[in-house]
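Chain nomenclature is as follows: A, B, C and D, assigned in order of appearance, with residue numbering initiated at 1 for each chain independently.
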């Protein structure tokens, strides 16, 4: 089974973070861990390490295996490291935004990386600039660095606490200095961050799949509003906020995370398979075969098949060898029927009534194409079943669905969506069904409900339109 | 679902071939088709085309997306093309062996590519050399070219027929000239070759998955011992041999082909899933979950789960972003538990009795590692079920298991293999079970039985030892 | 004739800058101009442009032709541009220091690049940090940006003036905003900066050779202490300092600049050839042939030969195709006599009394090697003649001879240097001879005299030792 | 001083060869030697070595430093090697023609490389094909392999002798087997080949500059019509032809070879400088400065300046950092005056009467451009002086001037050429002057005289037109 690539779907999260404290070959461990979280961001990546004397950093635009080679890993010396994989919507200005950032400062150099989104970044930034700060990127991450250094007289931990209290939104930060690591999570717990044990040291990761890959053992999650500090005296904890709740992002289960990760203690594959089962109970349909859209919907498809007793088949194949240098088919060839990302298997699809499981629908354009391909290949009926509720509101916490316009379900009811997509029937998982599948009742489900767990500041204005629902 | 990469397993086939006759953008179609058959060979690839005036060729050591860019595809002009992906055991001398080969000849230039293995190549080669031929590669393919050109007074089709009658073994050849394409298959039908229709022209492919990708429609297979000629007057057929039988290689179903291909009319995924079902009937065991070794064993695992009623889970994850430039973990890191190719999911595996489905066992080293990883992660029991019979004999028809030594089952009975691998129980699919799964009774199953459908000449001597069984 | 590469010698300057105001294809012009100044810095390069709406930037570690391709030039849109080539002593932390820097600021984004060295950077930096500034690079350039933005209430030109008055050292800066370009030079005129006319716009360059390459016409130099502003109303001038003198760096003539550049109105090749003539008058010697160390010493060698009447021959050849990917000979091969950078021509050298002209001696290690090579090839006598005076003091204005230790002439008199190098006789050009060759009497000759035209702050402490002379 | 690149001029030779016998690190030595001869061919290169057990080969399209890295050199094991750099007019079919070729043969594998051109290759090829040979390249080199192997009953040396007697034209071949090296030269001695000594072994090279680079010592040239064999018993010699003459190609002195090479015992730089002196005597003109077209004409320019007493200046600069990835200026930019390959120095050229020395004129297009550039930059007069006679006939021995049409002097007298080029006066070196410069009276000067030293077979027909002269 596989986790997803940048082209699978229409939504993307912005980043994964990783940290190593007191384990030899820290840069190499980070390399493998980032690689295991490559699905969280394929646009850029970086590593900053320290050997106690100085910081060493390397970052670049590209995948982990493209940016790091033996030379770069050797350069990044020491037993402490932080690393980052980045997804970005930006174009050519990308390189400036690739993390971790490094700052040279007479009170001690430090590095910083971050997953998530700050909703009041514009307000903070303007205020800092009026006081003489200048920014070299448009990244939220740089803001935290400026906040921490605004007043050099404060102790570092106090400066961090004050800085975090200024930030609103969903985030997970890791900070490295010459002798410490700090890991912190927003007070709503929107973005995940877990701690593992490895030999005499610790590792920190957006997803636990990275622990399995490097042989570390999961200990616990960083709590919402918590700052965990790693020093030569070990791990210690402090909280920067009082009102702390656990509103983990539901999309981590539905789409982002690797099936082998546990998010807030719940296995992602298991939650998806269960979502498929619940979906089969909520929206049964008579058909010949169950297909999943590879790769992220396969768990749900297996669950649906098991529950319904309708056989699960491999009727859609995803092309695995594509990559940066791959030549996309010309329009002329696409018109002829050349399909590269996904191709249906004629001998399986032909003459069949199909239940097609997908994890979510954003714009609906991919779904429309898949339904058409299946019909072109001779499918008699195509019944879409979506393993999550309709997305009706944009996300402001790190998922790149920023506007109502890009959400087909923000303007259309289910029947209208079905008509646009062109399938024979369409059903979504219910809100309750989603909670049941994960077993968690207080997830952030703002994209499905419109109820945001934080203030939104100006963000909502830029979301350009109000939903109809 | 995915097809396999070069690192999945311990066996490899040697190549895939593709041809286009009379379709515009022939080189581009070949590019996408070869890409869809990349799993059949990742060491090298090439394309030769013609625009009726001259031949254009490009080939290189690397994957399709690495060797071909827009420039190379533009250079390869015309509506006819042949293409090749190659797996090779050879080292640095590789480039000389990358196909298709092109030959400059005053009676007409031609190109040639080939899948399979000639068992009497050494004998033919020596004879040709004594008559003044010299060879620039060690490839069997070059032999056919020399045979065809040995006597320039013969008509081309007669020369080809005579040449093919000299060759013993398993093979599929495609030849391109400035105005014709020839597709041919050995008289035992050991290697697959299918014909599809696309607009006013034809396409030829080792696997039908390439047809689905480019939007072509399957017509029929090339028959054993048949030469199909494509000219401006269309497709015509002739046979070069009398004693023709259909001994398609069983490993095409078990391991080589993509799940979405139909080989000799049988869908590969369906045959694998059925093999899983039969295996569940033949070798049931009480356990908590069924896992498949990704990617080629997942179909069988789903079949086993469906038949047994034991849930199918994703407890082994294959790392998808690896590639040529990826840095392998050092021994030190591997000792620490860093695992890159396959990683078990601790939260799924821990405390479970596991049925582990794999498609085959060759050396047994990978199986041993997987069993150990699962136990390290807390599996209570590991029961291996193999969706094919024990491999007891080497293959001389294009699969790179050339010696008895590299086959664990050639020297050990099932119980001994179980002991080496370290699992709690082990069972293989029976010979009858395999036939039942594919519905084909006369496949070549020499690697499981030792009964070879052709003479073997000196090949068997090089297989270094006799089997115990 | 050629200009020099990074490996020619033992000294390096830190950068070249270029600007375009109001000429179409500004990024392309900058590309060719930077390429023409590649000898001034081969470690990194970058371009920032504007189309009046926003800034576009691209930069990277590598040569101009490696970092910029059509895609990057297309991305950098607009008719205004600044560009930079960088030489750096730093290792892996390089990328952060590659210029131009871009700053995102609510009062207007801007870009900045710089050639030279600020001697009080440490002092300024610490002061800025105490007030909340944080730095992402160790470059002096970032300091100017912080100084300019320290007080957002000031007009930009006032802010720049105040900032420049804070800086001590040798520098040439170019600043780009959405609608303006600013070009400025330190008040001692240590680093060169010239203005050219091209169609309706202007170009600015560290060296005039860039003007010849792009077809622009030289107008005048930026004056010491001058800020030239380019706006839609044309070019205007202001001065930020009162005590302005023209202390152009003598090494620009001796070593750094391309022979086809005019620095402060004096052609570099002409000054070198004249230096060779004066040297022949000052230090004649009876010999058979004159050789120059390629490439920067060839002009002087021709001058020496013309004046002395001793024939100029090509007895030392520089290997031109070397580059990043070139494999350096192993020690074993070097011991066997494999020479890659420079090789003597045996048939020219053998049995000859040689006058060897070099532009300067820094550490002396290269000179020693060349003398030995010539003797190994059969030279009877080797008389070194250096077309500049002995270097006895480090440079703090942008040349990377930072310590006394790396200057052989700081500790040794001429006879001792001759002994170390192993030549038969050695003579340097006199101070007066150098002035005569360039025709300029007030150049900065601090490296030859120890008389620095500015305060040195702490720099001199880091220069680790006092000279003996 | 520098040797030339592929873009310098309008004529090109086809290749350089190198061999190593019995010296450790043979592949590395060959790497450095080929690199030193990169000017003889930049399209492709390759190395074949042996460790006595088998042959190892690697070759590719590109420069030496691009095709070979440590990995490839390590792969090419052993103390014997041959290597090749190739210039080719062909397009995409290049890879098949890159040398050395390797042949697998039951009587012993061998490798082969070649510099020059066979004039009766078409005739031999057709004859071989009628007897069953097939060719994978269009290279003359493959022909020799087929000829040698035509009759496997002959001893190798006898087979080589017979093969060479069949070939007409100019050539230098090196053959490698598992225990021998053979070096051979055509009986007219048209192409150069020299032998050097290195430790206990030998090296063989098209140019002696490679010996200086690797520290080998020149012994003697291979004689016209000689086959030199290197075995464990040392070096031995035999001749395959009776009528042997030394007609070394005059263009080796004028244009092809590096100035530091000795061809047939005469130093190339010295011969060029002398040609410049003779030219100054034959065609004096009153002017202010002498300029040479870099790089190959600089020696002649220095000679002309010395003889005439007119100062030699650097008024034309060649851009050294260009390469494969360099973006050529668009027409729009070229119209604006952007010049990349050569740029004149305005401050030197302006207001001057110029003597411009070039080594030769082929089509005349480059000369025309240079004259125009100099006038655009303000030159008062431009007097061209060419350091070789007018080229009136094509070359069939390895220089790519294959037709009369591409030779401006084949159709136009000197005055007409002057008019086309647009200079104020034009003069060529006389035939006698050329002989005087090199001191060799029996060079092949066919391109200047039309008197070819061999039969021409059909070649002359393809040269498309007769000369007027």
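One rule holds for everything that comes next: a residue touches a chain if its C-beta (ideal position, glycine included) is under 8 Å from a C-beta of that chain, and two chains touch if they have at least 3 such contacts.
In this text the structure is predicted, and so the values were computed from the model without any measurement.
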Partner chains that chain B and chain D have in common: none
Least hop count linking chain A to chain D through chains in contact: 2
Chain whose average C-alpha position is farthest from chain A's own: D
Inter-centroid spacing, chain C versus chain A (mean Cα positions, whole Å): 47
Inter-centroid spacing, chain C versus chain B (mean Cα positions, whole Å): 60
Distance between chain centroids, defined by C-alpha means - chain A, chain B (Å): 37
Residues of chain B whose C-beta touches two or more other chains: none
Every chain pair in contact, whichever chains are involved: A-B, A-C, B-D, C-D
Chain B partner contacts - residues on chain A that touch it in the complex: 1-3, 5, 24-25, 28-29, 31-32, 35-36, 38, 63-66, 68-70, 73, 198-199, 208-209, 211-218, 258-260, 262, 267, 269-270, 273, 294-295, 298-299, 302, 306, 311-314, 317-323, 325-327, 329-330, 332-333, 336-340, 343-348, 377
Residues of chain B defined as touching chain D within the complex: 56-60, 72, 75, 91-93, 95-96, 101-107, 125-126, 129-138, 145-146, 149-152
